[in-house]
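Look at the two complexes coming up: chain A is in both, with chain B in one and chain C in the other.
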Partner chain A sequence: MRLKTLLLASSGIIAAGMAHSAAHGEMADSMTLVSWGGAYQNSQQMAYVVPYLEMNPDVSVTWDESSNEAVAKLRAMNEAGNVTWDLVDVVASDAIRLCDEGLAMEIDHDEMLAPAPDGTPASEDFGDLIVSDCYIPQIVYSTTVGYRTNVEAWNGNTPTDICALFDTETFPGQRALEKRPINNMEWALLCDGVAKEDVYDVLETSEGQDRALAKLDTIKDDTVWWSAGADTPQLLADGEIVMGSTYNGRLFSLIVEQDQPVEMLWDAQVFDLDGWIIPAGLPEDRLARVMDFVRFATDTQRLADQSKYISYGPARASSAPMVGQHAELGIEMAPHMPTDPANATNTFLYNYEWWADYRDDLDAKFQAWLAQ
Partner chain B sequence: MSELTVDTPRPSLTGFTLPLTTAFGAFFGLIAGSASGSVLIGLVAGAVIAAALAFGLCTLHGNKTIRRGHGKWIGAAVFGVLGLIVGGVSGLLAGALIGIAVGWFALWLHTGAYRDNVPIYATGPQVLWHNTFLFICGAVFFFLIAPILTIIPLSFNAENFFTFTPEMIALDPEGYSLKHYNDFFTNPDWQQALWNSVKIAPAATFIAVSLGTLAAIGLSQSHVPFRRAIMAIMISPMIVPLIISAAGMYFFYSRIGLQGTYVGVVLAHAALGIPFVIITVTATLVGFDRSLTRAAANMGANPVTTFFKVQMPLILPGVISGGLFAFITSFDEVVVVIFVGSANQQTLPWQMFTGLREQISPTILAVATILVCLSIALLTTIELLRRRSEKMRGLSPG
Partner chain C sequence: MTSSATDPDAFTGATPDNALRDADRAEGPMLAADGTPLKKSLMRALRREKMRALMLIAPLLIFILVSFIAPIIDMLFRSVENQIVSETLPRTVIALDDWDYESGELPDEAVYRALAYDLVAAEAEKRHTRLGSRLNYETTGISSLFRRSGRDIDDVGEVYADQFIALNEAWEEPAFWVGLMASETWIEDQAEWAARAADEENFDRAEPRFRLRDGVAEVLPQTASAYSEFARITQVEDEDSPTEEEPWFPVYMALYHDLIDNPDAAGAYGGQMAEVLGAAAEAAPGFESQDIRQTFLDIEEGWGDLEVWGTIEAFSNPYTAGYFLASVDLQLTPAGIEAKPDNESIYILLFERTLFMSLVIMGSCILLGYPIAYLLSTLPLRVSNVLLILVLLPFWTSLLVRTSAWKVLLQQQGVINDILVWLGLVADNERLVMINNQFGTIVAMTHILLPFMILPLYSVMKTIPPTYVRAAKSLGATNWTAFWRVYFPQSVPGIGAGSILVFILAIGYYITPELVGGTTGTFISNRIAYHISSSLNWGLAAALGTILLVVVLVLYWVYDKIVGIDNVSLG
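Let's turn to the complex of A and B:
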């Protein structure tokens, strides 16, 4: 502890502030962490929080399952001058927005985060996944498609690629897609013959957007629109739909843990990130506590531990070789990771910056299309 | 004097009873058919079986072999056996229920019993309207109750989804379990939420009842100026959309340091509960005889003694039912607490809300079932108190 304090004291204003308060023992003894609930939050609890609390028994941690509306709530808190959150789990595009608006604190990754065991600085260990100066990535997840394995009307055919979503001849039945343009527009263009690298160029034009919507039009009558990650697994389990998009961890739980007659596609899976941001303007003692926690919770071992509980790939390159077995079922987790080479043969790189620029326009257009 | 008897003519079998029963049977056949995936077969089978049943029943009734009350049991037997053949145990149950309806319906039409509750001189359309009206009332009742009844069996699901599994439909004990109830009673998140609700609701109720009763008594005095305006302001939390109150409270409470505290949530919920108390207590005060307080004063009691010894016992039913409404408001409230509370004040409805969004787990249904039972118990109490209050009002001289 003393060594760490000394190390940190030698660098940066923030780190100096933290070291100062840490040296005086002025760390807050409670933290409010914001996450998504469910199995994902549980994996964070088991991998980061439980061991941290064992080391710091006088600290208490409260979870707030509000990541879904984190941007709106942080804006309101900021306006009311009363930020009650200490650490917030958000997806990459939300992190970019929060950082741009000044609601999240900018951080120096190499100073604040632990280096890899071999000494590689954190910024290199996370690599390209640091999509914003405020962002501390934890995991890579993907949005992909699950389908029921016992659909009689399919005559023994099984989907092999993403375009099965649009093939209502071979694969009749209801589908579930997310009620927002992201992913759906890209998939529609891919299946309409646009090459992977041209998707965002085409989508930039009004004609391209209409083209994507026209493709989606072909399955609009067969589609249920979901807004919560739990919807598709529920609909698949009770047979309301025959295939649908959702997060790969949800499908893992449905297939492996709940043993439902469902399989998943890895084709054209869309990667996204989940990570922490620290709200701007925290009081010194709370900031000191959060910094201490984040340094611990995002080190190589902790990120690797998280994959015991959920099939999301750790964001650090150095964690990948340490991915082990499922905590309860004892199965190897590596083949279930979206980042596993066998699964990642055809992935689609979701362009955060592009969406940050076009999101508002396309959201409006997509919602208008839905209402038609 | 010979007794005047009126003979209603028997409706025509082929022109009235048979077609209507057939249509009725076809409707059930349609539902059963769409549930098992073959709409047309269900429709035709339902129509044919209902027609045959109606014909048989009417013939038997015609030669006095059976009475009207027997129709539903014969119908239940016929449809039940057919259901058993097609769909096993669950088919038997569903078939029996449909059979009761169809069998009863056939003889109800055939014997002319559908005219029983209308005057003898009513015309055809009047009779039709009378029965349609009853049917609409029944349908309204059904659509209000059915969603609540559906969640109860689902909460005993052995799977982790909101699904009637084949085992459940076959009434196999394997398909049922208490694990979601177990989860509710052992999961620390749910227990914390329950504990928060149990801490917040009574405190909010206590404040709402105390302030609301005092306000109602004050506002019932005729000499208070601007009574109507004050009343309107007090009732406003009930009328203003909740989300607006919630957003307003959020910013106000943040400024004064109450946001995210136990006291803040209690005060917010008390404000929501006060209108209910004011309304119920004001209603009880209408039946309260003012001369009783004057009589008490005449006998030397001070106003406080008068209130607790004379007025309070008489308006108690109103106070209690207002309190129950305030309690349920706080116990069921999700919008305001999400704004005013922080993660430490997560109440049951909040936990249910996030649970429903993030992980659709039948634990929510188990909690919902428990809450439904609790609400029924509370509403029964309110109804009993209302009756008592009415009785007492009848006795009081005012």
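Let's turn to the complex of A and C:
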């Protein structure tokens, strides 16, 4: 309750500040962007921030590599009444949670974001990818499986579909899967004979959940459970595992940039999104700056530019034809995009709203299953 | 000072303490130079001294209280806090008092009506989804139930609004509603404010807060409550004025029910308002009514689910034991406290595992650290200083690097397995599994925590005079007896200090277990971290943390009883 008074007091100050700067229509000259660090943040820096700073030399941009714990940190900042972040990069499920908690600002996509070059409004250009009223998608990535190409015990067989994960007879060896129910439960049901469109209906019942866990039980002893996206590429490179799930961009750099004997199994890849949210309750001048930046950074050209640096698909339909070559290697990037037609013959659509409901419950069951 | 001047004891009173004692001994009050009793003035001097000492440490004390103790207490408090339900759905919670989950029937119309008033207000302030997330921790599906219902709640009661407006268009006018609901002084204040806002240029004062008309809460109770909520949110959230906004549809629904309950409501008014209200009261019984329960069921089937209502009722108290129950694998259900099904029970197992593994790590730290500390304390200073730097070196290396190094060493294609295979001790297809299990966690954490054992041991051993052991041996003790009977007991305080440090650090570790623990080597702290950073279930995280804190305090107390806390030394 003490916190609440503090909060009210500080929001009063913020409101007063807003009224003040709104009258003058100023834009703040610094921004704090939050992202994941590493190659992904670098691609955002090169594609969005560098050109923006060329146009606005007075602005300074600070990166904070906190996307991993953005949800918790943003909530803590909000409770303390001092949000220091201006724009936060999060995956779609976190965006939904932040929006539900009132920590992210609701936005009008058509009004705030640039239309496509042919005039299509932003909400149509992004289409179904706008999974929450607070969310501005940037890229489509997928969680898919990579496997080593030189495993002797496989006798020349190569995995062709997702169920190779569960086929320890043909493909013996250790696997790596993420230490959470999402994706694993769906794959388990798909390989247990459930049709793609029925997966979530089956997973809703407790029999269905037991069925998925029973399927995962068959490989539990052969599986390393990862919690950081860098784990699987490392384990594959070391020969510690023969196949494992991870993000397609990580596998791209392992295969193309580091030239390891690994291939990607695009079958039943699960699409997911990464994008921006604007924290709720920013002062007017900072908000004006962020709006200006976001409008620029999510236009068709900028999203297409990002794919020069990393193999994630742009979230705008209008950006797809503009995807070019890798900035350093000079190879065509389109065939490495998860959305490329050749890769996307069999994809699985991650059901955000369903997981928002079932995440807490299934996570408890999954962790209990793991610990037993 | 007359009577005691002859007392020889009087001259021993050089310190304030002694003087006080002397003053006690003296017969009759001894007086100071200014005439106040000596005892009193000495007490005052003492108190001043104590205050001065307190002032010296005050900055640190306040700093610790504000930046350390207060946040911890605040965090722990969240483990029972649950105001969100009664604050978001105040009317529903009260209306639910008369409902019994055991009856097996859905709540009656009044509850659904209360829900409509609450939900439309919560939706306007975007609070309904927060409540949804909160209750979803208890019953799966409530999150989307609230999110989806929020989208359609605005339409509830539209039937009534249409009929009132068809009867008289005044019902559409914000000004008419204000006249009906607002106090006369507020109307005057508001008019004055509006005039100034129109005339003066830099006028940035906010509109005066809406106040209800006297007596309207008795005549039209539901309408008064719904309308004042509407007015408050319009002013605060939307920064608009109720004089310019038509009320929400549920307000019309409230009016309809008030007029049915109290057809003479118009009696409280005069003039045109009495006329319009009177006409409405006459027409109301003939209005087409809306089955509000059915409306909710049409919006979302979930509102027909007994479990949803049971959960809202079970968690309607501002304070709940629910989080603590969940932390010990129980759950608060509408039907009472139940054990969690086996396939969801995890916390007791993790608490036990955390304690067990922390003890094992502490034990292996003692076994490894004791000989090293002994060596350090007996070697010549120059050599031991170099070795001490080696002990401290890991402190200067990142925790992640050290943990990852263990992965490189211990994994199946790692250095140790490679050597074993090369030596022919292990077959190539039967490499040892040494990581992603309990063994890996224990090895990595023992390594990381070892300096915390060695340093206190070393500083205690340094103070043990070597002459004691020599004396014991010269009196005929064997090496072992001299060590066990003479040296070891003197080093026990160091073991005590090191054990407490290592154990308490180990019990809260989560990065290393997360990276090398696999499925069998994770700690309770990993779950706490998950609930803090991913699921945002801070209440449960706080309850788990509180239990962990209490367990540590109990162990500390047991330790004090068995070993004695005076018997702990950092050197």
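Going forward, the second predicted complex is superposed on the first by the 347 of 372 C-alpha atoms of A that agree within 3 Å, B and C clash if a C-alpha of one lies under 4 Å from a C-alpha of the other, contacts with A are read in each partner's own complex, and residues count from 1 in each chain.
As a convention for this text, a residue touches a chain if its C-beta (ideal position, glycine included) is under 8 Å from a C-beta of that chain, and two chains touch if they have at least 3 such contacts.
Keep in mind that this is a model prediction, so the values were computed, not measured.
J.: Once chain A from each complex is brought into register, does chain C clash with chain B or fit beside it?
T.: Overlaying the two complexes on chain A (C-alpha atoms) leaves chain C and chain B clashing.
J.: First (chain B), second (chain C), both or neither: which does A:R75 touch?
T.: It touches chain C, and chain B stays clear.
J.: Is A:Q258 touching the first partner chain B, the second partner chain C, both, or neither of them?
T.: The first partner, chain B, only.
J.: State whether A:D272 touches chain B only (first), chain C only (second), both chains, or neither.
T.: neither
J.: Is A:A371 touching anything from chain B or chain C once the two structures are fitted on A? First, second, both or neither.
T.: In the superposition, A:A371 contacts chain C only.
J.: Considering only touches as defined above, state whether A:E65 meets chain B (first), chain C (second), both or neither.
T.: first
J.: Thinking of the overlay built on chain A, is A:G37 touched by chain B (first), by chain C (second), by both, or by neither?
T.: First partner only.
J.: Looking at the overlay, what does A:D238 touch: chain B (first), chain C (second), both, or neither?
T.: Both partners, chain B and chain C.
J.: Check whether chain B or chain C contacts more residues of chain A in the superposed model.
T.: The partner with more contacted residues on chain A is C.
J.: If you stack the two complexes on chain A, which partner ends up touching A:D89: first (chain B), second (chain C), both, or neither?
T.: neither
J.: Which stretch of chain C would you flag for clashing with chain B, going by 78-86, 96-104, 420-428 or 438-446?
T.: Of the stretches 78-86, 96-104, 420-428 or 438-446 of chain C, only 420-428 runs into chain B after superposition.
J.: Across the two complexes, what residues of chain A are contacted by chain B and by chain C?
T.: Correct list for chain A: 68, 228, 238-239.
J.: If you look only at chain C, which of its residues touch chain A in the complex?
T.: 74, 126-127, 129-130, 132-133, 136-137, 140-144, 147, 204, 343-346, 349-350, 411-414, 436, 514-515, 518-520, 522, 527, 530, 532-538
J.: Where on chain B does chain A make contact in their complex?
T.: Those residues of chain B that touch chain A are 159-164, 250-251, 254-255, 259-260, 342-344, 354-360.
J.: Please give the residue numbers of chain A that touch chain B in the complex, ascending.
T.: Interface residues on chain A, with respect to chain B: 32, 36-39, 62-66, 68, 76-77, 79-82, 84, 228-231, 233-234, 237-239, 258.
J.: Write out the stretch or stretches of chain A touching chain C in their complex.
T.: For this pair, the touching residues of chain A are 2-3, 19, 68-69, 71-72, 75, 97, 99-102, 106, 174, 210, 213, 224-225, 227-228, 238-240, 353, 356-361, 363-365, 367-371.
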